[in-house]
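Presented sequentially are two complexes of subunit A, the first with subunit B as partner and the second with subunit C.
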Partner chain A sequence: MFASLAREARFLAKDRGALFWLILAFFLSCAAVSFGIAEVREQRETIAALIEEDAADRANALETQEDWGGAAYYAFHLTYAPPSDFAFAAMGQRDSSPWKHRVRMLALEGQIHEADTRNADFGLVGRFDFAFLAASVAPLLLILLLYDLRASERTARRHDLLVATAGSPFSMWLPRALVRVTALALLLLIPLWIGAAVEGTSMVISVTASGIMIGALLLWWLIVELVSRIDASASVLLTSLIGLWLALAIVMPAVSKAGIEAANPVPDGGEILLLQRETVNDAWDLPKAATMKPFVAEHPELADHAEIEEGFEWKWYYAFQQVGDQTAAPLVSEYRAARIARDRQAGLAALLSPTSLVERAFERLADTDALSMIGYEDRVRRYHAKLRAFYYPLMFLEQPYDADVLKKLPDYDANG
Partner chain B sequence: MTSPLEAKSLSLVREGNAVLDGVSFTVARGEIFALLGGNGAGKSSTLLTFLGFLKPSGGEVLVNGQSVTGDVAAARGAIAYLPEAASLYGHMTAYENLDYFLDLAGKPAGRADLDAALDRVALPAEARTRRLRSYSKGMRQKTAIALALLRETPILLLDEPTSGLDPVAIDEFHDLVKALAGGGQTVLMVTHDVYGACQVADRVGLLRGGKLVGSFSAANGERIDTETVHAAFAERQAA
Partner chain C sequence: MSSVRRIAREEWRLWLRSKVVVAAALIVAVLIAVTSILTANRIANEQAQRVEQQVAAEQTFFAQPDRHPHRMVHYGHYAFRPPPPLAVFEPGVDAVTGQSIFLEGHRQNTAMFADTKAAADLGGFAALTPASLYQLFLPLLLIVLGHALFLRERESGTLAVILAQGLPGTKLALGKAAALLAVIAMFMLPLIAVAAYSVTLGERMLAAFSLVGGYFVYLCAWGAIVLAASVLLTQRAVSLGVLIFVWLFAALIVPRFAINASSAAVDAPGKIESDLIMLAEQRKLGDGHNAADPAFMQLQAEVLEQYDVETIEELPINWRGVVAAYSEAELTDLLNSYAEERMRLEASQSRIFGLFGLLSPTIAVSSASRAIAGTDLATHHRFLRESEALRFGFVQALNEKHAAELDYAIDMNRNADEAARLRARVNASAWQVLDEFRFAPDGADERLGRAGGSLGILLAWLLAAGGIVLVAARRVRL
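And now, the complex of A and B:
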């Protein structure tokens, strides 16, 4: 077998047409990995710069404050989801979902969703990253490398001579195809491995990603192999295979997406923002008890301190901010559940489309899938809850303002 | 004694049409058997059944006494096949083509062996490092013949082997085939070239409409009479 592979490798080295596609694959892979690393570095630099600015801005804002309410109002807190060490290969939902916020003690849901004015995007063909290359472009390159292995030899009236000389078709076509598939896989994966080394990606993830891509290539090889057994001209085979690719890579995901969206209507992020802001704005005109009652229901430990006497009190202000969140909570919950349901169903539908399956697998490895972004939103909510837990006792129990206490403000934990 | 090549009541039906109908013949070791016939007579199909590319609908074909259907690889391993207007790889040189095909056959050869074979087919030395796409049809055919020689198989199947060769090259080729047969190789060639077949063959069979309708044999090493065969060929074709 080794001799056969060496023979076909030498043959491949003389086949300019095949070499063109292989070199193109290598450059596309280099480009995808480079773009991914550049994007990830830019995101990390953005986060690093924001972390620095965030601390300075907050210090400046707190310097001039004289009460807890003012401190909470003017102090912003940075939250972010840092890109994973494999995100360079699959930007996934980071392109459509926000991965950084500057939150305040105000109503939270509006702050989370003000950057999300459309439904969660389960984009099927996204930016040109390695996941897209592996899922959608690599099969096309494989088709171009393999579709006419037999047909071109038939056209050149060489097929029978080749097979008769080889003795069996197995010893002829298998090594020829295997060399091409191996060359394609290596030329696609080498830039990924270099990128992974640069980014410090774990070996497990690198190996898993390589396995996924190789598995996808093997699947497409099987498809090409089955189709090219048809005794038809090279152009008919190519047309059939491209049609099949279109069906599996474009049509099937698009149809699935439309079906899933119709089956799981998701409220617009803007609706959450609107509902929460209307609640907050309406609160100014409502009797204070209308705000404090639902607030106390959530914070019974503050019931004895929830009476509002003056025209304006910070604790009343923050209470109606929270009530805004409470009012939007069912919609937020529906939004979250529908996104998870869509994601779960998209996962099942992906079983019908190798391209979607590969993209989803890469996004899972890179922590850039829908669940990862929902996880980030949940981290923001947990952090915001810590802020409320920090300020509420100070405000509601009317502790004297002490700037030093603010040094104990909870820190955002990007991994928490 | 087992014949290297034998067709027993060979029938072949393709897409409802009888391509071969009860064809029987044997080719002895060192014999050159030429099957003559017009277009669609079933000549090439007969060769392809010996190579296992076409499966007989009836009867059987045997290579060295073994059914081709039973062990295609063994049959192919014993045969060097020269298809009509053999198309080797145009983007490779003669040496590269021979290297590739000999590797494919599991019988790699050194440069000296390649040169010896190319000398036998009279391919100019300066042409051997040029890509085949710059060759004339005759030069490409010579390279393919060199490949058949280098395979050193006991059996040669030749499909219109002199197609595209100039008269001098045809004579050289006939001499070469006779020399190979003299060395013990068994040759089955199919052609519509009556003159060529009579020049080289020990025995000629006439194939028409998938049936073997006549045969001529050279007795005592004499050549088959071209006029007789041609007349019979024309008569059978007209029948």
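And now, the complex of A and C:
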């Protein structure tokens, strides 16, 4: 076996066509990994700079405040989801969902859906990251490396002679294909491993990711092997394989996506905002009790301090901000549930498409999938709740304003 | 001429006998038909829905009861962007940007709820549109059909006979090109139908025609590339491999590389980053809610002098409304300067991206197609600018009402008790200041002008590939 592998490796070294695809694979992998690392670094730098500017801006805003309400109104707080140590390989949903916000104690629904816009053209085309390379491009390269193993020998009229002398067809084609698949996998993975070492990715994740990619390549190898048993010319084989690739990599995901989205309608996001804003705006004209009653239902501990005597009081103002969130809450959880349902079904549908499966698996490992982004939004919600828990006792129990107390403002915990 | 036609007809006869070719062509045709119908349906729904939402938002605004005018500034309004007629073919950036904006005083919000945020995630290129089929699939079909177009004669030994009969290589190539051209013309029919449909939806003939023309040039350029490979190379498997590589490069790799490269070349900071810098400047401008803010001292002196009175109480207009209008104007200048800077950076990123069309005709055609359809970044920016003008318009009109129709003393006393609050209102008829907003993309000439560069690049691709075919065919020997 070793002898035949060595022989095939020598053949490969002389096959200029095959070498071209392999070098291309290596070059693309290097590019994908370095683009990824550069992007992740830039995002980390952005976050680091934002943390500083955010603190300075808050200090600046709080300097001139004279009451709790003003402090809560003018002090913004940065929330963010830092890229994981594997995000360089799969940027995933970080390109379409926001991963940084600045929130304050006003109604959260008015703030959390703000998308920190990126160039729209970018979101349209997508990025060249390793997940895309491994999921979509690598199978094409594998097809191009393997499709004419048999057919080229047939064209050269050596096929039958080779098969006859090799003993079993197995010992003939297996080493030849194995050498090519191994070379392709290694050339794709080596840059990934270097990237993982640079980024400090955990061993488990690197090994899992490599396993996923190798598994997908083996699956595509099987497909190529089955198709190329058909006794047809190389170009017919290649055409059929490209057709299969299109079906599995593009058509199947597109059809599943359309089906899933039709089956799981998400509430119109605009409705959430509309409802929340209407509630907040209407509160100004309603009797104060109409706001304080649903508020106290959520915060019974503040019931004794929820009497509004003046025309304008901060605690009433923040109470109707919260009531705005409360009113929109059913729609919000519907929106969230629909996103999760879509994602779960997309996970099932991905079983029909190896490219979707690989890309989703990479996003899962990199914490850049839809669930991770929803997880980040949940963290923002928890932090916002902490802000309310911090200010409410101060406002409602009418504690005298003391700027030093604000030093104990809750900190956002990116991992919490 | 008849020999060219005979060669082309012979080619078609061979294609029709090949199951692979017929199957591939049928599948692509069905995909185009289904996607076109689904997309047209979806866009027609969205169009109707957004126009309805826009009208509904205006009516709700008008229907608000008597209120303090500043309350209406915060009540706000919505701007919706209905898809343009040609979006039935090329939905463009709509799915990524979100199509509605909430407009309120003192803030420029971003467009919200992009479809992609809640989309089912199936990886790379999950959404199929008629445009993406034309950009990605049809070149592949041309490759499958045409990779052996010329070299077939060489492989089967008929090339020698044909040349010996005195038919020049160029004529043979011309015949093959005519065969491929007929395929392209056939596949232009669905696009022509969609374009004609968009004209019935109100699109200008010029734009519809240019879109068809742009894709025709694009497909012809691919046809020429395919033909060139089949003239220059001598084995069909090699020719197919090389062409697949060219496709992989042009359709999948370069566009994504170009995204990475243009975002690395021009650093466009996110909104949070620029907002942070802006907030510091904004604080210096003073808070328009607080008419006693020292930032307004100079304004106060000027206004008092203008009306020749000593104190703000003596002014014939409401000082708080004056401050609100003044600070809104100052703030809007500041917001706009940041917004313009951000849009400028994004536009230059997209320009760099467009230049990669020199490496990939797919980039050139997709840029041209978005620009002509009115679903490109520039149209999104136009929407942002126009909705901002709408915002500033109604906020300032309300501030004027605040200054002119609400007495200062009553306004200052508004929080005293319920009766005082009710006195500090203006009649709801004042809400009629809101302008009607119906977003429409640029005129056809302007969109075409934006697409000019990309269309030029496409034409250059066609000329270059056609030139190579011509030179190679002239030199063809055995």
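We adopt the following convention: the second predicted complex is superposed on the first by the 402 of 416 C-alpha atoms of A that agree within 3 Å, B and C clash if a C-alpha of one lies under 4 Å from a C-alpha of the other, contacts with A are read in each partner's own complex, and residues count from 1 in each chain.
The definition used in the following text is that a residue touches a chain if its C-beta (ideal position, glycine included) is under 8 Å from a C-beta of that chain, and two chains touch if they have at least 3 such contacts.
Given the structure is predicted, the values throughout are model-derived calculations rather than measurements.
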item: Clash-or-fit label for the pair subunit B, subunit C on subunit A; value: fit
item: Where the C-alpha centre of subunit A sits as vertex, the angle toward subunit B and subunit C in the overlay (nearest 10 degrees); value: 90
item: Partner chain in contact with A:H299 - subunit B first, subunit C second, else both or neither; value: neither
item: Which of subunit B and subunit C A:R157 touches, first, second, both or neither; value: first
item: Partner chain(s) touched by A:R7 [first = subunit B, second = subunit C, both, neither]; value: first
item: Which superposed partner A:L50 touches (first subunit B, second subunit C, both, neither); value: second
item: First, second, both or neither for A:R104, with subunit B first and subunit C second; value: neither
item: Partner contacting more residues of subunit A (subunit B vs subunit C); value: C
item: Lowest inter-chain C-alpha distance for subunit C and subunit B in the superposed arrangement, angstrom; value: 13
item: Common ground on subunit A, meaning residues reached by subunit C in one complex and by subunit B in the other; value: none
item: In the complex with subunit A, residue positions of subunit C that touch it; value: 20, 24, 27, 31, 38, 53, 65, 67, 71, 74-76, 78, 92-93, 95-98, 100, 102, 109-114, 116-128, 136-137, 140, 144, 147-148, 235-238, 240-241, 244-245, 248, 252-253, 255-260, 263-264, 268-273, 275-277, 279-280, 283, 346, 349-350, 353, 376-377, 380, 414-417, 420-421
item: Sites on subunit A touched by subunit B in the complex; value: 3, 7, 10-11, 14-16, 156-158, 160-168, 171-172
item: Subunit A residues within the subunit C interface of the complex; value: 17, 24, 28, 31, 35, 38-39, 46, 49-50, 53-54, 57, 60-61, 76, 78, 92-93, 96-97, 100-102, 113-128, 131-132, 135-137, 140, 144, 148, 151-152, 155, 233-236, 238-240, 242-243, 246, 249-251, 253-254, 256-258, 260-261, 264, 266, 268-270, 273-274, 277, 281, 284-285, 310-312, 335, 338-339, 342-343, 345-346, 349-350, 353, 355-356, 358-360, 363, 369-370
item: Subunit A partner contacts - residues on subunit B that touch it in the complex; value: 48, 51, 53, 72-73, 76-77, 79, 81, 83-89, 91-92, 96, 100-101, 103-106, 144, 151
